[in-house]
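Each structure below appears as structure tokens.
Heads up, the next two complexes both have chain A, just with different partners, chain B and then chain C.
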Partner chain A sequence: MNDFIRDSLDHCVKCTICETYCPVSQVTPMFPGPKYAGPQAERYRGAGKSVDSSVDYCSGCGICTQVCPQDVKIAEINSRARAKLWEQRGVPLRNQMIARPTVIGRLGTPVAPLANWALHNRAVRGIVQSIVGIHRDAPMPSFAGKTFQKRSRNHRGPSDAPAVVYFHGCGTNYYEPLVGEMVVAVLEHNGFRVIVPEQDCCGLPLQSNGNFPAARTYVRRLVDRLVPHARAGLPIVSNSTSCGLMLKREAHEILGIEDEDLKIVSESMYDLCEFLLRLHERGQLRTDFGSLPLTVPYHAPCQQRGHGIGKPALDLLALVPDLHMIELDVDCCGIAGTYGLKKEKYEISMAVGKRLFSDIAATGSELAACDSETCRWQIAHGAGVTAVHPIELLYRAYGLDRQGQRDLVTTGTQPARVSG
Partner chain B sequence: MSYDTVVVGAGLAGLTAALRLTERGQRVMIVARGVGATHLAPATIDVLGYLGDTRVGAPAGSLAALIAASPDHPYAHITADQLATAVTWFGAHAAALGYSGSVGENMLLPTALGVPKPSALAPRSMAGGDLRGGGRFLFVGFKGFKDFHPALIADNLVRAPLPLPITARALELEPPSSRLGDLSGRVIAGRFDADNLTDWLVGELENRVEPDERIGVPAVLGLRSGDQTWQELEKRLGCTVFEVSTLPPSVPGIRLFNALTAALRARGARLVLGVRAVGAHANNGHIDTIDVANATGTVSHAVGSVLLATGGFPSGGLELDSFGATRETVFDLPLIGVPETDRVRFAPNYFDPQPLASAGVPTDDLLRPVDANGHPVYTNLHAAGAILGGAIPWKEKSGTGISVASGYAAAEAILAPAAQSVSEAVR
Partner chain C sequence: MQNTSMSSLEADVLVIGGGSTGAGVARDAALRGFSTILVERRDLADGTTGRFHGLLHSGGRYAVKDPSAARECIAENRILRVTAADCIEDTGGMFVSTPWDDPEYGDQFLEGCRATGVPAEEIPVAEALRREPRVNPGIRRAFLVPDASLDPWKLVWGCARSAEEHGARILPYHRVLDLEVDGERVVGAHIRNQRSGEEFRIHATVVINAAGAWAGQIAELAHCRVNVRAGMGLMIAMNHRLVQMCVNRCKRPADGDILLPLRTACVIGTTDVFVPDPDETEIRQADIDLLLDEGEKLVPGFRQARALHAWAGVRPLFEDTAAVAETRDVTRSHALLDHSSREGVAGFLTITGGKTTTFRLMAEAAVDAACQQLGGLRPCTTAEVALAGSESHVPYRIGNRLAAREPLPQAEEIICECELITRSMLEETIRERDTTSLDDIRRVLRLAMGPCQGGFCIYRATGILHQGGKVDQADANRGLLDFLEERWKGIHPILHGDQLRQARLDDWIFQGILDVEHLPA
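On to the complex of A and B.
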């Protein structure tokens, strides 16, 4: 397996920079911090037994790897150690469940009203917490009922335009299909034909919950669906930052998949805003934006930073007249995918997010923007604001909401409308 | 994306330059493999602390002697006026830390090992520790906070060579227990931000301070609220309180990083961490695009200028391979201060003169890296900070001073290339 991950531990100079950034070790003694759990403990992990369980408290946010000046792959080392831990101890039922969004999605979608009632009913959630270990207060999105896949099947787009492939991910499919429709609308507005291949989960939740074999199966299945398009030279865009990163990098670096198909898919993957910004650089993005007189705090999710593409959403939104974005300076909202759902980690995740929530509150805005869906749900939950994907602001600025006669409907946890 | 300037490196040099460039309206992106030495070094600006073994009292006044002894020194490419302007400008622009001092004279500030260290500028929360005037000191530590021993500081300082004698004593306090485990400086600072440890500290010290004593505490008084906490302590205790720099991580250094990056964000600069500059495309000695490697591949950005602020060996700006070859990692630039590959590269004793100590990039007076003939390698590539050759920062106590001065000067050279070339011709 690609050992450059493990080998990178030798580059650690013990400078402690990662320690100063780790959002988790700053709020709980349960996790000793990236330097200890990562490069240091890894030396003892060899082929034998997993040496400690504290690594399970690493949220996998990836900030440590980004700031480490010596290129130590700390978060990746932790992620693998976590998988080994659960491989030896058996992955708990709870982790198995929340790691399969497509299974949950397929179960919940047909009975969406009932499932949503249950998801937001305190008594039910109390039972779920005690039996399954999902915290009763953790932010849970609502099932949309009709999936994005289903909705997009009836959609007729332009037929002769250049094509782009849309990897929408599970969040969009089951919980936020309207976000998916906005993505399609914006891409079509810019002269693209949008191909929506049938697709399943990318395996990321399984990976972060320590089930690597199952995660690999999911990655391979998804890659099989996407690779014909990638081979045909088509770009693939994703509005789910973490799922996009899974295909760009993590499937290879963490799951250790060495595969020509994956490589081609990786190289064709673009984060949605990254893709749009590239269009703009080539003078190909339509800039017929109408005025959007709003002040909106923006949080770049940690997984988005892992792409190493800067904050393209801010560059794009700067093109919109009268829209004032406030760039927040907090590394993590705390949720880290499924981390903050867990009974024993919910408090930690909320403590991590506290600063972000109060910084958002300090802006006085009722609206916040963030690229990642789980982070949006956490922000809506923790800061009590409506949290939207940047695409929603672009969609409105293009006036597509008026054309499509559609109200803005935003995140899964806060089906609030934006007025103004 | 296209930028007026891409700054490679997010240490003090890169951030200083970026701030100056954005202040003058440039569109700037900073790319960095990771965080630089800001998080490790105290936030003091040390312009020049030692000439050989002699402690320097007046850094600006000693530059000529330094340059005479080390003609390749980065300061040789920066005029005395520029240096003074840069340092003053820097102090004013990192206003959140409330810098005091000047390039005219050095303060002597205690370190965590009880060594008096010469610094031109210091955050006001540290400046009260200036040892030059002598007097009575109380050093306070927190039990469980590693590598900070007030008795060691007090003991070493009373024996250190100082202009006027001091007395010093030590006190170790037991911080209120918390659910947090390891007491790193960062964690204690977080507690000062969140739980108001100030009340506790005032309570502990109120009746223990003797008249005329100045109180030195570890520099962990909060990340967001450090300056306020310090002010509050002085007010409530009615005496001079000062922060003493700790071993890494450096809380004042993180405050500095945060203040500079906040200012940069407000001016629309982009900071991208976790990526690596890997090369450039040039035409006729002019860089057109710079290549940045991210999660999936390499992206080329069109640039007007590039600033190389990649630090020295510790941050990966320079690399020494196992065959003894040293190289600059982004552009493979010519280096000075590098022994031949078959020569000794390390002297046996740590404090011996080390053959590689001054390794780095040589430049012209516009801080452009030059080849062996003194010609700029690229007309629009400038360099600043620890990547510059000719200095021995840890010995001279000049590291942060070089970063600030050369960062500012390189920005000026980028902003006004034409005007500067004229003055170069006159010189």
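On to the complex of A and C.
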């Protein structure tokens, strides 16, 4: 059996390019850097006990793998080393908790007002920090109260149009259902019928917190839900960059799932903007955009690099009259999913994001765009701006907000207002 | 010997040869309270010991055709795990019958192991593949034995330091120019310090020739005959551990049938070819191909894995009678020759043959014999006393250097990134070894032995050496070039795939940036 993740360490020529790009090792001595933790340390990892807990300080942003000119799977090596570490030591309760967004979502949704009060109350967060280890200042979204799944049940779309399957992810479901409605509206505007299958977490947070067995269970369950549609030849789109990547690549490459169903699903997966841009390239995207006189800085999440699709949001938004997008060239906002929530990593995550925050501030805009939900929460928190998914700008440019769709203006994450 | 003004040293025992045997003899003699001096023409463990694959034999390999060697191996294996713990990684060993091997041989193997006391246990193929997922899934049988991985340099230096702690003098880079024979007795040797050029004499009651494959050359200096032939073996180190245990083919010992983890690498070995001169070892492309092909049989995909370095060592094969055609048919047990009974030359013993696994036993036999000429037997304690560095009896683990960098891996500058050597480790070794040779440092620390083969660490190490003040600019520059040239001998035979890319990058660094061949000398 070949192990192509570990074997890729053979390609390392020690050029150090990954080290110069790593956002984490530049701001903390706790993480030794991707070359060290990846291809170098891997040679010292034998059958026995894990000895290098510093690998847990890798945020898993994946930039190292993307910039490696020799095709070393650096982030993937680190991810596996972290999983082995936690397999041996036992995943801490905090990490088990924050790695299960559907559990949190189901608990918080029925009591959304109370939960939101608690999430943004300084005293409560102080207690949570000391007991659970989630940093008191870490950005937290607000429960929407009514999930996207519930909202979409009453939605009646066109019945005879070509279908597209929507994998909305947990962020949309529990915190940003309005983003989900915009996705549906834009797709319907372009002549699609949108199928929203029942769905659960993709397992990514569990993977990045080192619980591979549980992550595999989640991803298999999700694949089971999606595979009938994929087998029917329907495309699946997702507005969650990292969850989409999980299905596209990571479930196979990092979790090592060898499965025909997964393969079919991964081949049918599209990032939302990737899908829309492909429509445009085939001349099938409606371009009846109205003027949107805004200047908006855009941050491409690091996980998007893993898709290998460039920055499709920028190509799409360039079609909108009077919309001026500013492409930011900072690699990482620092949050890396659940990394920046952790007490011991919050400061690192904010230090990583510092340049991004100041670059956004320098544009003077009160609005920023980014595809990934956790990055938007971090940007809103760190830069003090409203952070939106690019779909919201398209939605507004299409004028869909003026076509009877109520309360959909500025759904983006607001800067956190911590009370108390 | 005409030079009567030459200074001289006195000792009970003079040991010639600084491999595992010589270092073992020096330690044994020193522990028994004899004043002891060891001379080695180059660095310690620079000959056969430092060039072997690193297998601490369980005896399984010899169980069928050389039962006495097998018995010695398992006994010594048990002793060394306790006394030389720091040099040994308990990887365990596995013998497998690949599709190219007769599965029936497994029965002979088990029977041989049983007869020689080598613990061997057959396990289901599925279990073997679970333990070693990369081993050929077509294997038909698998057996576990207590093989282990042995670091030869740590072993020899552990012996040397133990010997020094008991008053011995260890003199690397001291060459024997001649043996001093007084009538029917060897009374000492004429020595040259290879570094300073100084010549002097060492007078000793007993001279023990532990020069391994070079033992014949030493014996001739006293007009004695030791018919030891050099069996050259080729090895290739691969970039990372493709196996976690020592994996052997379950068949009669042949070429390329061992693949074992050694520190961060894994090593495939070996070949066996008679060479007329142990100093003339040539790596032939056909032998490289043979090893890679055999590796492919053990671990499919082996040829795609990254080879780091190839090297050859010479086994000392002792023949007392008529020549044999195949070196593998020569017994791997050792030979102790008392030249007083053989040629009537007293005070002179030769200990040769054998293998690193049995070095302690060889030393014990040699010093036992020496005792008879030194006024009576003193008991040997090397089976109980731990080597320097192994006093805590904690076995070496692969992750040790990684663990040592925790919890703040960035806290100290790392000079050799592949082998995780920090600046302080390097500086301490330069001080302790009192050396200016990058190659000596390499043998202690594994400097430049990882994937980049010195590409990123050697210019750093050269700078640190120069900064220390013991090496002037010209010598530092020459030392750098010499080191690169020496490394290159082992790189060019395996140059393909990933290692070729590395060599290209290294070349840009040394030729393109440093213009290493035209540095001021």
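Assume the second predicted complex is superposed on the first by the 404 of 420 C-alpha atoms of A that agree within 3 Å, B and C clash if a C-alpha of one lies under 4 Å from a C-alpha of the other, contacts with A are read in each partner's own complex, and residues count from 1 in each chain.
Operating definition for what follows: a residue touches a chain if its C-beta (ideal position, glycine included) is under 8 Å from a C-beta of that chain, and two chains touch if they have at least 3 such contacts.
Keep in mind that what you see is a predicted model, and the values were worked out from it rather than measured.
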Exercise. Is A:D71 in contact with chain B, with chain C, with both, or with neither (first, second, both, neither)?
Worked result: first
Exercise. Does chain B (first) or chain C (second) touch A:L9, or do both, or does neither?
Worked result: second
Problem set entry | Which of chain B and chain C A:I264 touches, first, second, both or neither | neither
For this session: Would you sort A:E42 into first (chain B), second (chain C), both or neither based on which partner it touches?
Result: second
Exercise. Just chain B (first), just chain C (second), both, or neither: which does A:L279 touch?
Worked result: neither
Problem set entry | First, second, both or neither for A:R249, with chain B first and chain C second | first
Exercise. Is A:P32 in contact with chain B, with chain C, with both, or with neither (first, second, both, neither)?
Worked result: both
Exercise. After superposition on the shared chain, which partner residues are touched by A:A161: those of chain B (first), chain C (second), both, or neither?
Worked result: neither
For this session: Using the superposition described at the top, list the residues of chain A that contact chain B and also contact chain C.
Result: 13, 15, 25, 29-30, 32-33, 70
Seminar exercise, completed: As the complex stands, chain B meets chain A at residues 1-2, 29, 33-36, 39-40, 179-182, 184, 186-187, 190, 248-249, 254, 258, 261-262, 265, 268, 270, 272-275, 292-297, 299, 314-316
Problem set entry | Residue ranges of chain A in contact with chain B within the complex | 13, 15-17, 19-21, 25-30, 32-33, 65-71, 245, 248-249, 266-267, 269, 277, 281, 305-311, 315, 318, 327, 329
Exercise. Which chain C residues qualify as touching chain A in the complex?
Worked result: 133-134, 137, 239-241, 244, 261, 264-265, 300-301, 304-306, 397-403, 405-411, 414, 417-418, 420, 450-452, 455-456, 498, 501-502, 505
Problem set entry | Residues of chain A defined as touching chain C within the complex | 1-3, 6-7, 9-15, 25, 29-33, 35-37, 39-54, 70
